[in-house]
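Shared between the two complexes below is subunit A, which pairs with subunit B and subunit C, respectively.
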Partner chain A sequence: MKRAIVIAAALVFGGLLINAIVDLPSSPVDLRIAVADNMANSGVSHPVTAVLLNFRGYDTLLEIAVLLLALIGLMAAGPMLPPPPNQPADALLQKLARIATPPVIVVGGYLLWAGAFRPGGAFQAGAVLAAAMVLLHLSGLLSAWNAQLLPLARRVILVGGFVLFLCISVALLAAGSLLQYPPHQAGLLILLIESGLTLSLAAILAGLFLFLSRDNGGAP
Partner chain B sequence: MSATLAFDLLLSTALVWSAWRTITANRLDQAVVMFIVFGLLMTLAWCRLRAPDIALAEAAIGAGLTGALLLDALGALRKGKTARRRQ
Partner chain C sequence: MVEPVTFVVWLIVLPLAWAVAAFVTGERIGAWLGVVGSAIQTFLVVWMVATWDVAVPVIHRVGGWGAPLGIDLAVDGLALAMLLLTQVVSLPLTIYARSYFSEDASKSRHFWPLAGFLIAGLNALFVSADVFNIYVTLEIVGLSAVSLVAIGGGRAQISAALRYLFATLIGSGAYLLGVALIYGAFGSVSLATLIPLVGSNPPQAFALAGLLMLFGLMLKTALFPFHYWLPPAHGGAAAPVSALLSALVVKASFYLTLRLWTELFASIADDIAWIPALLGAGAILWGSWRAIQAIRIKMLIAYSTVAQLGYLFLVFPLLPGQDAIRATVMQACAHGAAKAAMFAAAGVLIKATGQDTMAGLAGMTGRLPLTLFAFGLAGMTLMGLPPSSGFLAKWQLIEAGMARDLWIIPVVALAGGLLTAVYIFRILSFAFLLSPSSVKIATVPRVQEWTAFALAAGSVLLGLRGVELMALLPGQVP
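Let's turn to the complex of A and B:
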């Protein structure tokens, strides 16, 4: 009886939600037209990248800041035990990881470059590179990271994308308003920011995995 | 037209089924695998909705990284359990 009431209530609530979404009022401003009108000034030809990096670049700046903050929180709160020594995993797994990694890096670079004119971009490229690092870790080729013993180069890569983005924003703020790129340099600036973001995002996303990892990779 | 409609119906049914299996699976490893399956089906759904950008992000982060993180957590849990049993 109780179960029947719960199922009925869930169905009614689901129906109400579907109804609310189907009857959504059309937005008073059609943003698609506004985006299409300004594509020529954006420096890229893919509307999603134009919105993420140019028209709403502020959101992307805050997004990378939030991810970095999450990682710093994890480093501060995470376990302080040194990661156990890496034991070699299955030979077949290692061979496969070694073969797979170079094409994955190329795919990451392609996604970054393709973001200017077709689906792709820094986030996807960073995630693909992070996946390669996770794969290397799970096959025992890349040891887990220790928050206290992190080399300077890795720290620089972790914060580099955000710092680069922030520096460009501040420089643009001096020239006019925040993140308003001059139309002629917009393409170059977006590519520069996205390259920095790709490396940082790859390190941050992989870091979420590698700082937490307590096991020694794929070793049994 | 009818072929795409049939595919969409199949896809949405599989989505709901995999979501249901994810939360009702008795064993954790089954739940994790079903979660990855759900992420991949979701990627297909985003493609059908003509949102390839979101599909890429879903495949890389939703199914790939989160799935790997969950599998790693599962491995750590299992390792802890066997260590406790030995004591």
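Let's turn to the complex of A and C:
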């Protein structure tokens, strides 16, 4: 009975949604034109990066806060026990992980650099670097993190990108408003922010895995 | 010369800064940073209220682009009133929390960063004039509130936090779907751009978006019958966290409901205004009834929040009348200060007696008179006795209802006041009438008692200075 009601409600809602989307009028505002008109002053040549880091950079600043919050929330609620000691995995796996890591770092660096003119940027680069850290952890080369005892250096890396972004935003307040880049320095400042964010995002994303890891290297 | 509008930016940047600084430096320095930061924020907002001509809304264009390409922050009287409430309530709570968590480093370590992000998110939410940016601020507020509930990680707390997380995620998800539909229909997410575009005959997608967004926000505000997640979360968290959540977090999504209802969705809202009012009346009756039955002190206060939130929604059939907005803002402020005081006082009582039950209060008046006095004062505001701010709120609500011949509103408001009196006097009767038990009373630092008292006294005294607060709201005082 309950299931039937849920299914019926989902169908009705889905129908309404489809109907609304099919009937969607052509929108009176076209932001693509505004974006194209202002690309020259944005400091980058890829529109997505221009929107994320310049036109709507304030959203991105707050989104980084959301990611940090997810990590701090995990630490606050997370396991009180220290993680189990790391156990080395299969020698072949370790060897392959060692071979794979340097190219992954290069790919991360390239994605960061490419963000200025093609799809890419700090989020993608950070995700790739985080994947390398997870790989190293799973092959027993990088130990899990203890949420209760986090060394100062790690805390600084976790928040560093956000702090850099916040400081630059506030410094630009002198020009009139928050995050108001001077057009000539915009490209450089965006690259600086994205570089900081890449490292911090890699640490945050990897942290979400490494704080919770109870992996014991394949041992029963 | 610093323009006052940049103060608003500082109200967002400062708590973000002390949140990350507290994360890096740890609990000892972090607690000081939190208290000092909150004090500066309070100073800034009081300065703003004192010097600002609120008749003219002020706009800060982030990035210098301006809407619809960029994001605007807009401050009007309503936003300013909520900023004032947030800073004035959170300052005593940070002082309280510094003392409350002083023995427990593992909880304190995470409290300060999360509290900083929460306050930054609230301030950013109140001034945002962009429906997508509002979604991001809602995420900050929601995630930090959920994490604050989970601090310390007891079994019951984690399950309450998870339930809260699912509720808040469904709420944000519905809101975000609405934003996507609006962007699809109009091509913009800036409120200032959207409002003139809506017109008298909006597309169907707009109406669906309105229903989704308002549903999401009401779920986040815990309006009856979507309140199921609130009592375990607010009743199970640490006392300073419960106070922040009940006093401020639910008000944020209510503020958005009110703002979107009167500005963006005014064309579709008129026909369905009876729904939130009806749910509000249900909340008052059901929340009060459950509070009367409660066995645990904090559960009683949490159900009282469910009931008091109902009052906020009673005014919806009277919108967009300025008298109705004034009544509901006064109720939000009165409840904010009184409920923060109540949870703070309950925290002291629970620490002193070592138990969270009504029976544990037996004979506490002689042992913690100041805390019981604070509890009584806060109760006075909730009941709506003169000269408290609660009285002023109910008075305005009743007057606005009668001016439009909607007699049901005064009737529900008065019935709610009586029910409130029942559960407040139930607590006080345990404390006053039962003979003291032989349980040993732990000593609680005086600063916790005094901050609870300051909040309670503030909620009463606000009733005497209500005119100044009401002067912030558009339409001015008649």
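Keep this in mind: the second predicted complex is superposed on the first by the 199 of 220 C-alpha atoms of A that agree within 3 Å, B and C clash if a C-alpha of one lies under 4 Å from a C-alpha of the other, contacts with A are read in each partner's own complex, and residues count from 1 in each chain.
Quick note on the criterion: a contact is a pair of C-beta atoms (placed from the backbone, for glycine too) under 8 Å apart; a residue touches a chain by one contact, two chains touch by 3 or more.
Every value quoted in this text rests on a predicted model; they were computed, and no experiment measured them.
After superposition onto subunit A, partners subunit B and subunit C are found to sit side by side with no clash.
Of the two partner chains placed by the overlay, only subunit B lies in contact with A:L138; subunit C stays clear of it.
Within the superposed three-chain model, A:L208 lies in touch with subunit B and out of touch with subunit C [touch as defined at top].
Shared-chain residue A:A77: touches subunit C; no touch with subunit B.
Residue contacts after overlaying the shared chain place A:L62 against subunit C, while subunit B stays out of touching range. Using the contact criterion defined above for the overlaid structures, shared-chain residue A:V48 touches subunit B, although it does not reach subunit C. When the two complexes are overlaid on their common chain A, residue A:M1 makes contact with neither subunit B nor subunit C. Applying the stated contact rule after C-alpha superposition, one finds that A:A153 touches neither subunit B nor subunit C. More subunit A residues lie in contact with C than with the other chain of the pair subunit B and subunit C. In the superposition on chain A, A:L111 makes contact with subunit B only, not with subunit C.
After superposition on chain A, the vertex angle at the CA centre of subunit A, spanning the CA centres of subunit B and subunit C, is 100 degrees to the nearest 10.
Superposition on chain A places subunit B within reach of subunit C only down to 16 Å, the least C-alpha distance between them. Overlap of the subunit B and subunit C contact sets on subunit A: empty, with no shared residue. If you check the complex, the residues on subunit B that touch subunit A are 52-53, 55-57, 60-61, 64-65, 68-69, 72, 75-76, 79.
Within the complex formed with subunit C, the residues of subunit A that make contact are 16-17, 19-21, 23-25, 27-31, 34-35, 38, 54-59, 62-63, 65-66, 68-70, 72-73, 75-78, 80, 148, 152, 155-156, 158-159, 162-163, 166, 169-170, 173, 175-181. Every residue of subunit A that touches subunit B in the complex is listed here, in rising order: 48, 111, 119-121, 123-124, 127-128, 130-131, 134, 138, 205, 208-209, 212-215. Within the complex formed with subunit A, the subunit C residues making contact are 6, 9, 13, 16-17, 20, 23-24, 60-65, 68-71, 106, 110, 113-114, 117, 120-121, 124, 132-133, 136-137, 139-140, 143-144, 146-148, 150-153, 158, 161, 181, 183-188, 193, 197, 203-205, 208.
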